[in-house]
């Protein structure tokens, strides 16, 4: 994986505009952003500031109206949809606020999902799934369904799913937004561990200042503009 | 394949809905197989006909008889190596509803001309040597519970009165398509009981030619021979003769096809609706899979695969049920379909139809899922 | 307090695609139902209308069709001299003796069939006053001329006025077409019986038909003729005689139709179940709200049940509309009871349409019952929590 000057994420003059019933809603205006390899960055801002949109652009599930988004050496705008999906599978691990586990699959099967896209054998996949489940402390619950897990446990499975394919960048959208204080703290500790021990690059969107404290550096977004 | 568990798990998500959908497809295919079998049983006689056997009948219609004297002349036609004859009796057993075929046959020649009637030698002998003897097919014997030695009274409609026969043989068909619902008795017995004016009249002659390619020539020759006589003939292969019967039924085949298509279409509508309902509930999940890197093409294949799996399950259930229900059943609809069984070709056609249904009903949900825009779908949730 | 009907109607229209697909599915089942009833009914009607209750027909005892019947000249004369027979204006008995043979001809689509060729007398027309000549002229007795029924003219090859048709080695001119009002006579070829007999080498008649002077005399004449030792005959009302010929095939068509429709209905009910369950599931929050507002569980159940029945009835209506064009379509087959060609028209009656609608409504009720119960039983708090 190629990176220039150790920069994993580079955004140049990125604009994003939405259309709601023909009315233009500018969400991001002239964003310049750099994230280096191995950084743990928090992105804060009031609701409606465009944080999630920015995250989506970096994760490659949305594209800017103007400007360039380079992640892990690729300019995302140049990739065709099929290639973009493959790129995403390889480089991005996504953690959602509402966990978004697939209810009809067990914890094990949920974590295995990204690996199905690879050429690994079933045995290899099993090895990796159990490894990351162990990492998040839920090996014993591998065969349980999401409805049998608590909120905190579900989010940990989601994190396991996000790292099982060893992605370049972890993006988390309000990972503790739906959890109580205790569980939130546990999740944040886990993220810090991933950053420290596995040297994962993490971009976390949050509106909770306690969560942002756990990151190395915090960026502020307001009304679609990054505060200096 | 490795995605099977994902597809299967999705089907189990809404068990009741999957169950109902699988069952309605099974129903459609069950009906399809049944209707198709109605048509194929009509055609059973075509499959059973011998290529070297020709039917000679009165040129105007089957209703008019041919003279017995024709037999001598038929035997001498070049290419002919066997002649037999018989009369349709057209009676019933006890109740006019109990109709089945009865033929008065020329016994000395019938077994030569009809080798597909398989019967033990001692029964053949007993039949030959007794004037009022009759032989019946295995299916007929089973239907009415007749055994060797039983007396069977038949009420005649063309030849009035009550006729009594003794069962001296029970025959089997050499292949599954040979009809086993007929009663054969002595032509001589019928003939001698008729008044003078009606004696020595034959309903149908059967002639055998040395090889199938002689059929057309011999047919022409026979018909030319009797062209200008008071009883002209029409000679054709047995297959053509049977086909003529089937075509008399007219549009029934078309009607059954119409009904069958309506059924399949109706059930497909149901299935499409169900698939689309299921798809609507899963927009978030599909968005998540896409964030994990599942490509649009893969998503399309997964959703289509689901539809296909449901349809195949329904197809196997429906076709299997049809094959089972009509397997050894006596269903003949009072003699209309002597041989109602589901052919392997019908089952294969049914399964292919199920696959087609699966593909067609899965298209819209699959394409919708493939086209789903991740960002907007996720935005709706959080 | 009942849930307003508007709630159900709006919801049906809010989910247009789902509503349409389910209604269409049920509609098709209704359509097949009406289709097979119209087919069997049309066939049976053609035969039932053929005879009239005021006429009696005499055939050989044991014969179920004219084809297998034999009535010698002397017997026919004896029958026609019976006192109970009505008189024609000229004083002669209103009776006729007819010959019936089958002739193998080709339909216009190339398939072959057996057409009834009937030798008649002038009285044959008088006995069936509904038969009228609609094209050409009547055949002249003693000449090689025939008239053909309207449906025979339409469906069999070479039976137009002016054509010549080969029967029994002679060429006969088709000089006219008659309309027999959709009865089996419409599929027949009629000519002079006295000329047919030597030509077809049939020295006997197949039937004698006459009009009773008084309907109540039927029993007497039937008893006398059937016990007469000089002949072995049976006497039936003309309409009963022809109706009986349709019984087997009509029964078979109806049986097949019912079998297919019932099973298909099961599939449609499954479809309705799916739709209604999904509707109930999607509207859990509304149901919770309605319950919280004070609507009874019975009202909820009734409301969803009505919605299902409405949906199905809409389908039934569609099915009926689609069935209307089927009415009057002509088709033909060989009636195995008489071994002869009979052309008939699909007959869609108002009662069939009503049956189709009721059938659809029943499917809707069956498909809606369990989901409606499901709706009524929802726990309020859980329902309100639905996202």
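Going by the order they are written in, the chains are A, B and C; count residues from 1 in each one.
Here is the rule we go by: contacts are C-beta pairs under 8 Å (C-beta built on N, C-alpha and C of every residue); 3 or more make two chains touch, one makes a residue touch a chain.
Listed by chain with UniProt protein names: B = FtsX-like permease family protein.
What you are looking at is a predicted structure, and each value in this text was computed from that prediction instead of being measured.
*Asks:* Is the chain-to-chain touch network here best called a line, a ring, a star, complete, or other?
*Replies:* Here the contact pattern is a line, an open path with two ends.
*Asks:* What is the chain whose Cα centroid lies farthest from the Cα centroid of chain B?
*Replies:* A
*Asks:* Quick one: chain A and chain C, Cα centre-to-centre, how many Å?
*Replies:* 70
*Asks:* How many angstrom between the C-alpha centroids of chain B and chain A?
*Replies:* The computed centroid separation for chain A versus chain B comes out at 63 Å.
*Asks:* Could you give the separation in Å between the centres of chain B and chain C, each centre being the mean of its C-alpha atoms?
*Replies:* 25
*Asks:* Tell me, which parts of chain B touch chain A in their complex?
*Replies:* 2-3, 5-6, 9-10, 12-13, 284-285, 288-298, 374-375, 378-379, 381-382
*Asks:* Can you name the residues of chain C that touch chain B in the complex?
*Replies:* Spelled out, the residues of chain C in touch with chain B are 17-18, 21-22, 24-25, 28-29, 31-32, 35-36, 39, 60-64, 67-68, 101-104, 107, 111-114, 167-169, 201, 232, 248, 252, 255-256, 259-260, 263-264, 266-268, 270-271, 273-275, 277-278, 331-334, 339, 341.
*Asks:* Given the complex with chain B, which residues does chain A contribute to the contact?
*Replies:* So the residues of chain A in touch with chain B come to 52-53, 56, 59, 61-62, 81-82, 85-90, 92, 94, 96-98, 100, 102-105, 109, 113-114, 116-117, 122, 161, 173-174, 177.
*Asks:* For chain B, which residues count as touching chain C in their complex?
*Replies:* 16-17, 20-21, 23-24, 27-28, 30-31, 34-35, 38, 60-64, 90, 96-97, 155-158, 160-161, 230, 232, 234, 244, 247-252, 255, 258-259, 262-263, 265-267, 269-270, 272-274, 276-277, 333-334, 336
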